[in-house]
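Right after this note come the structures.
Next come two complexes built around subunit A: one with subunit B, the other with subunit C.
Now for the complex of A and B:
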């Protein structure tokens, strides 16, 4: 009497992959030159930074938290990395610094949320503005550029992170390997470690988890720091893909990551979600972005449709929660 | 004998895959209090939801005052004089009593509220019910019992309410408040209102009801006059089998047994100078009224709240307990009175819940060993006889009794040998209760030490080797089971300063 029919659950699991395939077919039919190797590479390239953001924030959303500072922290880290490089810092150190800026903001979010008990929404709204401001202040609102593939000194940067002539393929998408690697690591952490188990437990019932003798505050700190690491990496991938970083941007990019996570089946109320789902959600976002521009619809339309997708994704989340509650009775 | 005013016959209700009501029937007489009892899932709530228009019946007939009626919506039911007060209070805490009573039916003059007239109407209503509640009071400042009465007043504010359904009205009330509620119900009865009373507390039925209707598995079992049956007979009708562990006549614990837990002069905001000892294999009952400080004491011992002063010793050695982590490491497992809030991650599987405190111990390498975790959780689920399709099932799909067993096995798996059961059978049906009792006795026999906090005296007297009674944060008495009885315990429980 308490069993939910198996079909229903499977339907929900299939929804995201089905949406991805339908979108791809749709744009292939209506987009200009969408079904091509070049566009496929573009889709991949757009998915790198969204992917890294999304992997990180998946952990946070499963704990029932949220990170609104994703986008601006990503930009801030890419911006500061480029700035130090321009100032004469060795490229490898700038790369490390980029990642560290992400980790720093993760630590800051973690402190505010886990130790000082600020609601995640407010805390990360604050760091969103702090990180955006900080990037602009340090760079004196000047655009910063990372080395291009043809640069003599830093040409390896793009070749390492985005595309290179590898395995006899001209312009092999190296970034996809990084994305895949990050995906595997994130999956292992989420599904195969204590850290992952505690992530779900906290999202499902934080107080019960604390009473089970688990140091919830410390683990939560850890989750925000790990997420910061992923966001720093996202900054690097963004830098490698788009080269020029403009201060004062990044606001709104967090929605790409968060939406990817939610479309992928992670519940905004915490306690459930998978990394595979997030990966699919990320591709939905990048297919959407690339597809819209192949239809001749530029940035404003992309923003418009991202908004529509956010609303649809959250509606789906509500329906899922309802279904779960029905199963309770 | 009073005439029958409501007759439900041959009621059928199907939910996907479930035959929830199978030819259910019910008769209510004028001005009586009818108890509707049955285990969880027996169909009481479904039947009441059909009566009050929340669900529509698939088959069957309902007659009110001899006339066949068709109830389509809650509004429909209210118009016909049938109202329900749900188990969870549905009041808006920040609105006033009057605003709550007339919500959705506000007294308006044109565009504006007519507050004065509305308050007056509410005042008249409350006075007619002999309730000493001011209509302008904001609801959150009332006691739970008073809020309950506001709910009932709201139900009665519909013109000519003849039938009132009360679903577990005493679940959140203290003994004094229950008495207040009963007086109120008797007054309603005298006014000719019929009350259908749903409760899991068997001892209340004798006090307040005239007749008892028993349901089991969606079917009508029997209606009896309350005077003519014993509680044990009712319980047997409910479960269809003889139940209950044998009550304890004397302590099973050797007075020289090792003291495993010793609390000395514990103090906090709600706990005053509490000291006691718990012996190996003992079930130590904690009795008292609501707010006596029993749960608060338990929370100090398990580190959920900070204590101001006091010492906790385990097997003679002082331990530092400042957070739940410390107490779990010391081998203390706390089973909260509110399982869903403090005990379980409802959305996670049985296995995930069971291994949660033990992950540190069970998985020392980088990755968790899934197979081993499943193996041990299966072993412990079987040990405490948890009924679940598999250990991968989400805990929210389990019955209350089985959820409680998941919490028990969670602590057993963590090697806890001091278990604090806080209201272990709250919200669990009769069959499930007995399973929990049996399990607790088995655990004590194995040498685990148990603190049992309960507001149900009969259950404490049945289970404990020794009973500590608290009142207003202090220990006011200690009784060996051989000398304990309800009157004695109540005397200490009300021994205020």
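Now for the complex of A and C:
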């Protein structure tokens, strides 16, 4: 019996990567010029900011929480960063501020949820609107522009975060290195530290964790702050990839992050999930979107099929949990 | 065992999903091909693949652009791909689409840029790959890459100034402006859908500048509201108030419209596009409040663009009239210019023109074809 359940878990682990590879091969065969360095780079570049958001929210979802403010906080941080830069602030400070705005909203979410006991859904729904409003108010509802690669001041911004002349390649996707770095750090924190262990523990049974003498509130605060840090970084990556930030946007972007996490096999009820799953989930989404477009399918179809994949992924997650429970018995 | 079954099921579904997709796309292509075979043979040896990336799909306006593009594609035997982001603020979605289309190595590309700066680097790649880009609807000002060969668009400032001229000819409004005093000022509201796109900024500016020029005959004019257009003067008896919604969604426009409608002394409103009109109409009970005997019967309203709701408001006489660009020609010219550019011919900017339509002339054939549903 024991051996059988072991096999099952291995299969589960392979499922998401296998789906990713098969999707890639499938679109390479049927898409118009899908299998090319350009397309690969496009997939990467569209994934950076979603990846950062997803890494951050993975921690939160594992605790059984949710963060609806992801997208608007990301936009708010990118907006304020660009705004301060436009006002004459040195770019490096604007970059730091961008991350700090993310951390600030993480702290705010943490306070509301861990200390003031608001349900995460409500608390982050509130901060979603607060951050969107704040970005619009401070920028006076005008779109803000980060420096482009050819700008004399601040041209390094894009070269640092999105593409650079590295290893002899013109336009090397340097953002991938940031994503990889963030992935390694997030994985280490989640799987190798006390912080990570408590994250799982809170998600499995918060009360039991509290009773075993762990200061759940403080750790939870920490989790939301860490997530905020990742979201601030997501703001930077978004700014590097898309340059212009429009006030009043960001609603709906949170779903990109959350969808990646869910496809990656993290349970919305908390207590389980992996960082590598999230990474793969994010890429499944990007490959699907890019691939469908290379087949000539327009945006609404891409949204439609992403929805189908989310439903399938969660259905399978439920089946998996059922099977696991049966095996335990 | 069960797991294997599930994997198989997932794969099968994915495949089906993908294939339906590819199937649908190829059917579309064939239709375009078959109907345009003759001309295609005339125009060039093989089918050209040209993607046109619009700012969105949700407004009727883009459907008419698409109709024009389709007709031109048929004429020249072009395999046309027309797409746009889900909403007109989805800059990231458009950048990704543009990159994806570029990866297919088209012979030329059409682009209605949501944010020119965001596309600078991709345009550089176009220049590197020698793929000419034709802008439609909105241009990329001072394109640093040189990839943009020409633009087919409306001169938005000139077009919007038509509405200001019509306001200047409206006796009801002129009377109010004459009688206005700094203590009892008359307010002319303007709602651009955003303060971001060159189109909206241009229309706002075109209207505000002309309106100011006309209204100055009757008193001191101040321009308040959004920073972009602000030009304040003391002791003004005529106030031009430019209000921008928080987001481009109809509900946000409605909110702005409501606050404008409650402004004391409001005499006229100019709405800079179909989105602004839709939101405004929502704030005036779908236009009924503007009708004879309605709450705002005295209000003089003009719009921009067309669309079913706006046309109805014009036909009923609720609106003084509206300005319309020529979306059909924008789409048609964009494809035609792409074809020419792909063949190495030189192309230059085209002003696709604008007209004023009101209840009296909107059924004239030459106007009716511009005023789409």
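The rule we apply is simple: the second predicted complex is superposed on the first by the 321 of 329 C-alpha atoms of A that agree within 3 Å, B and C clash if a C-alpha of one lies under 4 Å from a C-alpha of the other, contacts with A are read in each partner's own complex, and residues count from 1 in each chain.
Everything that follows uses one rule, which is that contacts are C-beta pairs under 8 Å (C-beta built on N, C-alpha and C of every residue); 3 or more make two chains touch, one makes a residue touch a chain.
Predicted model, so just to flag it, every value in this text is computed and none were measured.
Student: Determine, for the superposed arrangement built on subunit A, whether subunit B and subunit C clash or fit.
Tutor: Subunit B/subunit C on subunit A - fit side by side.
Student: Could you work out the angle between subunit B and subunit C as seen from subunit A, using CA centres and rounding to the nearest 10 degrees?
Tutor: 130
Student: May I ask you to decide whether A:159 touches subunit B, subunit C, both, or neither, giving the answer as first, second, both or neither?
Tutor: Neither subunit B nor subunit C is touched by A:159.
Student: Is A:86 in contact with subunit B, with subunit C, with both, or with neither (first, second, both, neither)?
Tutor: So A:86 meets neither subunit B nor subunit C here.
Student: Return the chain, subunit B or subunit C, that is in touch with more residues of subunit A.
Tutor: C
Student: Taking the superposition on A as described, I'd like to know which of subunit B and subunit C A:19 touches: first, second, both or neither.
Tutor: Only subunit C; A:19 stays clear of subunit B.
Student: Between subunit B and subunit C, what minimal C-alpha to C-alpha distance in angstrom results from the superposition?
Tutor: Scanning every C-alpha pair, the shortest subunit B to subunit C distance is 12 Å.
Student: Quick check on the complex: what are the subunit B residues that touch subunit A?
Tutor: 15-18, 41, 302, 304, 323-325, 327-329, 334, 336, 341-348, 352, 355-357, 359-360, 363, 366-368, 370, 389, 394, 396-398, 410, 414
Student: Would you mind writing out the residues of subunit C in touch with subunit A in their complex?
Tutor: Checking each residue of subunit C against subunit A gives 2-4, 6-7, 10-11, 13-15, 17-19, 21-22, 24-26, 28-29, 57, 81, 83-86, 89-93, 95-97, 99-105, 115, 117-118, 120-121, 144, 194-196, 226-228, 244, 246-248, 252.
Student: Across the complex, what residues on subunit A touch subunit C?
Tutor: Spelled out, the residues of subunit A in touch with subunit C are 8, 11-12, 15, 18-19, 22-23, 26-27, 30-34, 36, 38-39, 42, 45-46, 133, 136, 140-143, 145, 148-150, 158, 163, 238, 241-244, 246-249, 289-301, 303, 305, 308-309, 312, 316, 319, 323.
Student: Contact residues on subunit A for subunit B in the complex?
Tutor: Result: residues 1-3, 5, 188, 192-194, 197-198, 200-201, 204-205, 207-215, 271-272, 324, 327-328 of subunit A touch subunit B.
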